[in-house]
Amino acid sequence: MKRLYNRPDAVVDEAVEGLALVHPDLLRLSPDPMYVTRADAPVRGRVALVSGGGSGHEPMHVGFVGPGMLSAACPGAVFTSPTADQVEAAARAVDGGAGVLLIVKNYSGDVMNFEMAAELLAADGIATETVLVADDVAVEDSTYTSGRRGVGATVLVEKICGAAAERGADLAAVAELGRKVAARSRSLGLALSAGTVPATGRPGFVLADDEIEFGVGIHGEPGRERRPMEPADALTDRALAAVLDDFAADELTGDVLLFVNGLGSATPMECAIVARRAVRTLGERGLRVARSLVGQYMTSLDMLGVSLTVLRLDDDLARLWDDPVETVALRWGR
Amino acid sequence: MKRLYNRPDAVVDEAVEGLALVHPDLLRLSPDPMYVTRADAPVRGRVALVSGGGSGHEPMHVGFVGPGMLSAACPGAVFTSPTADQVEAAARAVDGGAGVLLIVKNYSGDVMNFEMAAELLAADGIATETVLVADDVAVEDSTYTSGRRGVGATVLVEKICGAAAERGADLAAVAELGRKVAARSRSLGLALSAGTVPATGRPGFVLADDEIEFGVGIHGEPGRERRPMEPADALTDRALAAVLDDFAADELTGDVLLFVNGLGSATPMECAIVARRAVRTLGERGLRVARSLVGQYMTSLDMLGVSLTVLRLDDDLARLWDDPVETVALRWGR
Amino acid sequence: MSEELTGADVAAVFHRYAKTVAELKDLLTELDTAVGDGDHGTNLDRGMRAAVEALDAGTPGTPGAVFNLVGRRLVSTVGGASGALYGTAFLRAAGAAGDATGLDASRMAAVLRQATDGIAARGKCAAGDKTMYDVWSAATEAVESAAAGGTGLAAALSAGAVAAAETVRRMVPWQARRGRASYLGERSVGHRDPGAVSSQALFECLAAQAAA
Amino acid sequence: MSEELTGADVAAVFHRYAKTVAELKDLLTELDTAVGDGDHGTNLDRGMRAAVEALDAGTPGTPGAVFNLVGRRLVSTVGGASGALYGTAFLRAAGAAGDATGLDASRMAAVLRQATDGIAARGKCAAGDKTMYDVWSAATEAVESAAAGGTGLAAALSAGAVAAAETVRRMVPWQARRGRASYLGERSVGHRDPGAVSSQALFECLAAQAAA
């Protein structure tokens, strides 16, 4: 492994420090327990949004901290959920009296640590609600298991809930909105090669030159199947088919938000090539891509691959998506 | 080579098409000759900015088209400058009567094709000025040779000139400003591994596991030397030393803009780790990082590496840097 | 051989466990790479190093105080599923141990029961899900029935360790239904669960300490 | 053997050259990978395919019309240094050829001189910079002095081709001072310049056509 690191075990600390250092106007870093808040937190009378998760998925989540999106992010070790301490401290720091929304990706570790934090906060009278994101259609959805992984929809939930909070919605309303976005989103990822975990220096899995992992997780979890490599258009269509098949037939109409997400080493050209096909294929399926997000937003270290997320929009969601946002990774309006 | 492409020779066309497709509000694509303009071009009475260059450096240049930055971008084949036709057609399309600034990176091909375009435009009475960017300290600066390569400073010139044009500065003033930014900028890049050219499917060069290319060019041109791999901090300091040594001693004071640019496969964590060190080292050298830009903005396909650019700011440049910009890759203010 | 574990003894258990985890680190990571995300060894090692550091910094106190300190350090430093689960287990153990200065067989059984139930509650898991809970549950039952039969502490904890080891083996052909391994569906069959293996080691450290 | 090249002959030269470039494509790319960015073969091949397509679409016309068409196609399709340089060369050649229906030795010398000067002007290069200009300049001088000595067209162009080949060989130990290879400094020594090699091939195609 040859990467721009100093020490494998310092990667996360140094990266978060570096990011905070170059965005002093936007971010405020608390080193121990580690979390990052928007510079103007707490914002009085506004619902605060706290998210977090394992590191290695940058720009998520620290890159989404700022007006119109997250109030705080808690970065865990690489691919390891943050501790309950981090979440609790972050929530305390950003609570503006209107309660705290915890946005949690559905992984055992994340769920449990956020839940412990919520218990600790409740004991001190800080109101919390939790939105669980579980949009990965690669995993079978079953009540007998841990259920689906949370992937691309997380970014959409954070953006849209952040807009609602900024507009002054109350905690219950922001939480309900987050659940709505999560429920209307589906994702699937595929990898041409795995990311390399700093601690081990080895790729999470190894694929042959003509193989892909279809339905891969953002921690390098194996997917639905290993398949032969195909051209970008064929892979895009295959991923979209999996995503769309998971919606009910009568949901496949109207406007959607398309999120083409590079998983780490996909170049802007590759993301755009996939997006081109996805817009067309969705159009042929009767879905209009009314909004889109294309780029690397939720990565898996240096994994080469993409994930596709489709969110069924309505006027309300589209409006909140368009609302101003000012973070390291997403910025528009004002 | 396993990448998200369809056909090697369709990569650029499909990627540009995809980008235009997902940004209809921002971009307008002309396919033949190929160029991309901001959706509202031409803007009456404002100086238009046209840039371009070989593809494979995304998001540059198409990602910099929009209010506050470029009026049009002309993407060439991978690593090949655009043709004079493209530049000429783009300039005609965006000229709003106040003339056209051509922003050209100092490579023989780019210089010659833009020059031919300027001749054709002059013949038709369209005023042009050219700003040549040549900031790469890895190349010896000599009047006997083609001189230095244009790298990171290009992004800064495009942003700052775009702001001045938006404010209504005339062609001569915008050109002078661009030359000032170029003259006050220095860059150096280093690679841990090369990008893979789609047409050949092979990396531009091959490094041993413990080697880097120091002073690499964005087309995989060899640099100053092959050196042993070192930790991120040491590499950062080494690159910064080369950059700073190229300024006159009395210039090494005051505020600077630091641009840490990922060359393709550098993750956000790697860019931030480099930025962290760079801010500190510049501080120790008496330079305050008053503005910064950290991320992948001028890539070399999937090259793993970074480049560092330092621009000596003054109040005027800082103000223009802060001005609103609304492009695919750079967005702030309004 | 001790029929009671004092606070210092429980601290010694955790010192022993920290050493064992350091040794097992690569194995645990390897097991977790196969069915999860490859961090279980690193996670637990980071946490146990922090825990013994905290233990070394203070005076031991009661068993409950030791469990509390370890539980809190794990919650603050590990993250992931195992941080929450081990943390919860030891914090519940601390609650069950109360102010007692020593844990005999039946008290130990009660402490382990609380810890095991804490894991079930935190993990929303049940027997057969193929997680660390299966090991905790089987080992606790063994300690409980030994204690109920009047066996001494060392023998009871030894029965717990044996049950733990057996369970880890028995679980191999199961399909995971909780945690990251559950995403694998049928592909989780045939693998040892990393949390189960690290839990087995804990019960072995308990038994070894009581036998010392 | 022809003592004059008609428009159809010049078109045949470019057909021949397109075929040669397709064959040399990998070699040119390889040479350009060593000292530049590895696209010279692809660039020129793309341009010459477009050029012959355009020639095939219309009626040949005068030599000047053929040069003009090829030059314009290259300018529109190649990009990079070679697009501008070959494009400029052929557009200047077209200007020098004027309305003439045939090019004899002395007219051909004048046409090549204009093209060569066009390269120098466009590339801001001089003899010894180790670029395609060195080849054009040496070959043109050879054609000029043959023509001045009264030699016929075929012999003059053959002298040009010989001078081109010799020059490519002579340039190998030089250090590049223009174009992408110049960034290499001393590391450009010992390599053949890709544009010089493709230019040699052009002079060989001219000679071959006149000899046919």
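Of note:
To keep things simple, chains are lettered A, B, C and D as they appear, and every chain counts its residues starting from 1.
The definition used in the following text is that a residue touches a chain if its C-beta (ideal position, glycine included) is under 8 Å from a C-beta of that chain, and two chains touch if they have at least 3 such contacts.
None of the values given here were measured: they were computed from a predicted structure.
Taking each chain's centre as the mean of its C-alpha atoms, subunit A lies 56 Å from subunit D. Look at where the CA atoms of subunit A average out and do the same for subunit B: the two points lie 29 Å apart.
For the pair subunit C and subunit D, the distance between C-alpha centroids works out to 79 Å. Of all residues in subunit B, none touches 2 or more other chains. Not a single residue in subunit C touches at least two other chains. In terms of inter-chain touching, the protein chains here are arranged end to end in an open line. Applying the touch definition to all chain combinations yields A-B, A-C, B-D. By the touch criterion given at the top, residues 29, 33, 36-39, 42-43, 46, 75-85, 87-88, 122-123, 177-180, 182-185, 187 of subunit D touch subunit B in their complex.
Looking at the complex, you find that subunit A touches subunit C at residues 33, 54, 76-86, 107-109, 112-113, 115-116, 138-140, 144-146, 149, 197, 199-200, 204, 217, 219-222.
The residues of subunit A lying in touch with subunit B in their complex are 2-7, 11-12, 14-19, 21-22, 55-56, 58-59, 63, 192-193, 209-210, 212, 229, 231-233, 235, 258, 260, 264-277, 279, 289, 292, 294, 296, 299, 301-302, 304-306, 326, 331-334.
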